[in-house]
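There are two complexes below, and they share subunit A, which is joined by subunit B in the first and by subunit C in the second.
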Partner chain A sequence: MIPYYYLGSISLVVIGIYIVIAKKNLIKIIIGLDIMDTGVNLLLISVGYVKNATAPIENVPGPYVDPIPQALVLTAIVIGVSVMALALSIAIGIYKKTGTLELDEIMGVEE
Partner chain B sequence: MKRVLALTLAILLFIVFAMAFAKIPFGEKMSNYPDYYNPIENQTSNMSLPQHYLTYGKNDTGATNMVTAVVVDYRGFDTLGEVTVLFLASTGVGSLMYVEDKVKRKVRRSNAVVETGSKLLFGFIILFGAYIFIHGHLTPGGGFPGGAVIASSFLLLYLAYPKFHAEHKKLNVSESLAGLTFVIVGLLGLIIAGYFLYNFLPFGLPTYLFSAGVIPVIYVAIGVKVGSELTGIVDAMMGVRE
Partner chain C sequence: MIRPVLLIAFPLFFAFLSPIIGLWSKKWVRYLIIFATALNATLAGLLLLEVFQHPVFDIIGGFQPPLGIVLMVGPLGAIIAFIINLVAFIISIYNLKVEKEPIVRYSMLYLLLVMGSTGMVLTGDLFNLFVFLEVTSIASYSLAAYNKDKKGFLGAMKYVIIGSIGSTFVLLGITLIYSELRTLNMLDIAARIGTMDPYVKIIAFTSLFLGFGVEAEMFPLNTWVPDVYDGAPNPISAAFASLPAKAGIFALARVIFTMFSFTNFLWFVVIMGLLTVFFGELIAYTQKNLKRMLAYSSIGQMGMIIMGLGIGTTLAVEGAFYQMIAHALGKALLFIAAGFLIYAAKSDKIEDMKGMARNPLVGIPLLIGALSIMGMPPFAGFYGKFFILMGGFSEGYYAIIALFLAASIVEVAYYARFIKIVFEKGNRVIRPDAATYIPLILLAILIVLIGVYPKPILAVLQHVSAFITGGA
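Then we have the complex of A and B:
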């Protein structure tokens, strides 16, 4: 039986993929990328979890959770923030040039 | 039509991912020994990687928080690359948001409660951020969350005062000095012990503030750098206002 932590994070990733494919607004696509990012981070953290264990800070005795996924996710969050900032500023630039954020109107596609 | 296709693809991907992750155990104890076919006789090299970090990390690095030990000491070079990525993103946002004609947007003045409250809270938020990144090797947190908290205090000032602008030159100076500190500490380790980012300072007693060698120095540098870079991003996105 698959644990529901994995199910939740996988569904976040899949929701992000659906938004990126189906939506046509640039801001919505960027939000979809962010949701995908969150899902991947949650998945990594839940892989490193150990039952009845505490955070890996060695003041207290007892079993600790795996510290490596947490360190990797710390990196991934910062990279996600910088990707988000760059994507949003590119979207602002596109809006200033074309006056719209809809992909169809930018590409000149007729419905 | 496109939505139906996207939905089908999403459901298919969900099934594939769920089948792939169903075999990965959740919440079980970490094994002491990796499941290699012919394990080596040496005791220390038989441990799995997280067990090795949790057992020897305190003696190797002097840090109490093992996540900090992994981020700054074991994988310090990775963190240097991460800080470089953040610097590149900040530079990219600054160059993309550059406005030539300096069109000034009209911004309404906020009311007295917001102004006074943000003026009062500004110092406390900066203090809290500094606390987080100074104690990065002892408590949860570290340079990246501390820097984000400091940037949020500047964001509060941007929201409360329409004419507020952080000085770009001071931001650049603090950012460059922090990045330089990181690289110089790494190079000092290279000179003294022959390894880049070697922990050459004395470790001190664990769980005390002055412990863990170069880890607090590097984390303070990262905190200042992340704070000034995120403030620069906020400043660039706010544009020219009046």
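Then we have the complex of A and C:
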């Protein structure tokens, strides 16, 4: 049986890809990227989940959850945030040059 | 003994040293990058001599593998790292021509790009590979938008969107592998890949393949390439074709051969490679803008490398690696020459460049680079194409070989047209300055040297057969 949180995270990825493909507004596309990123992070953290387990701290009796996905997901979140910040700053640059964030209009604007 | 981690630590150190030096003198920051990349190229060369006998494993932070992060350098990884750092050094001379401020941040990002690409080649840990991929991507996104004009911003935006989707897929693939095998060490994964559920295995492979395909300019994921190469500053276009693209394709080779030792799934890779070749070469033929033409040609060349990896015989993979080296040198040369031609003609259209390359300091290297990319015998590009062709021939892929040759003819056609225009009798001849012609001549010498005396490269490429069967 596939646990329901796997389905939830995969559907977040699919929703994110749909937004990136279907939307014409740059900010919405960036939001879509973020949703996609969140979905994969959720999948990664749920891979290490063990039922009724605690965080792996010394002197706390087990069973423990797998700590490696937690370390990985922290890294992935930090990377995701920096990419989002960069994407938004590029979107600001585009807005300053063209005065719009709609993809259809950007192509028509002369610099 | 050279520890491979130094190749990553030094650029990082110099990258964050450059703002401090920039407070004192901006001019010295430019020389600092030349020094840093030269040091890195030297270290990579020494590392190459060292790994010749057996692969080097460098354990980071004292945690033993498979739990700790380990750098895994075989002869092939070492030679790709060496070529990446050598080309980075040569391009950093051309960086002296960049006049737009802020030069300090530019230098910093350039060193981070070098560091990320080197790290992608050297690492032996799957998640570490993802981190280096992201370092490379973030540096590339910022450098692509460095000119701060509409062209640059739009190219960078496209790159951010496609690149983020790609890295999300890489992370998805890593998650799937971890959920099944509970390890991230590449050799450990390779040893236990047989115990994976076959469906999860195929989904994980496809995710990683698509994810690294973005950096490797593979067919459906390469629409960012022409816009980014066109919008970026000239040295950065040269660097993009040689550093992150080669690191991406080497990561792809690691995924295909070191981790998943697929034997019956490679036709998929061959078809993707063939589609990439056709997409790149046919559109390159129709381009009037020089940098876009070179960008599409770069896509075509990367497709040939992917095909060589996909055919999967020792000879074809040797060809793919040879092609990587030849393309890194040749495309860097052509983009630097393109930078000069655009500056001289004050236009990026090929038809405006009549006679601009008649100065021998530019003309002769340009001709050598173009002939090498076409695959003419005395130059570096010949062996790569020839080995890929022979590898396909021995496997009996006659239809694929015929299509490959057809695409090569298209390539010869548009390069010949370009060469004819730039060597026509024009009105004026502009003399290049030293920061332009020194890198051109260095790259041309390397191309001729590798073409005329391929023995050292072939000696390294002997290790391909061990690489295919799942070695470092």
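Everything below uses one rule, namely that the second predicted complex is superposed on the first by the 107 of 111 C-alpha atoms of A that agree within 3 Å, B and C clash if a C-alpha of one lies under 4 Å from a C-alpha of the other, contacts with A are read in each partner's own complex, and residues count from 1 in each chain.
As a convention for this text, a residue touches a chain if its C-beta (ideal position, glycine included) is under 8 Å from a C-beta of that chain, and two chains touch if they have at least 3 such contacts.
Predicted model only: the values in this text are computed from it and were never measured.
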Original post:
Looking at the overlay, what does A:Val13 touch: subunit B (first), subunit C (second), both, or neither?
Top reply: both
Subject >> subunit B versus subunit C as contact partner of A:Leu44, first or second or both or neither >> reply: second
Original post:
Which holds for A:Ile77: it touches subunit B only (first), subunit C only (second), both, or neither?
Top reply: first
Original post:
Touching A:Pro3, do we find subunit B (first), subunit C (second), both, or neither?
Top reply: first
**OP:** Check the residue A:Ile68 against both partner chains and state whether it touches subunit B (first), subunit C (second), both, or neither.
**Re:** both
Subject >> Residue contacts on subunit A - larger count, subunit B or subunit C >> reply: B
Subject >> subunit B versus subunit C as contact partner of A:Ile94, first or second or both or neither >> reply: second
Original post:
A:Leu86 contacts which: subunit B (first), subunit C (second), both, neither?
Top reply: both
Subject >> subunit A residues contacted in one complex by subunit B, in the other by subunit C >> reply: 13, 17, 43, 47, 66, 68, 75, 79, 82-83, 86, 90, 93
Subject >> Residues on subunit C engaged by subunit A in the complex (per definition of touch) >> reply: 127, 130-131, 134, 137-138, 141-142, 145, 148-150, 153-154, 156-157, 160-161, 164-165, 167-168, 171-172, 174-175, 178-179, 182, 184
Original post:
What residues on subunit B touch subunit A, complex-wise?
Top reply: 2-3, 5-7, 9-11, 13-14, 17-18, 21-22, 24, 26-30, 49-50, 53-54, 57-58, 64-67, 69-71, 75, 78-79, 82, 85-86, 88-90, 92-93, 96-97, 138-140, 142, 144, 206-207, 226, 230, 233, 236-237
**OP:** State the interface residues of subunit A toward subunit B in the complex, per the touch definition above.
**Re:** 1-3, 5-7, 10-11, 13-15, 17-18, 21-22, 43, 46-51, 55-59, 63-64, 66-68, 70-71, 74-75, 77-79, 81-83, 85-86, 88-90, 92-93
Subject >> Contact set on subunit A toward subunit C in their complex >> reply: 13, 16-17, 20, 26, 29, 33, 36-37, 40-41, 43-44, 47, 66, 68-69, 72, 75-76, 79, 82-83, 86-87, 90-91, 93-94, 97-98, 106, 109, 111
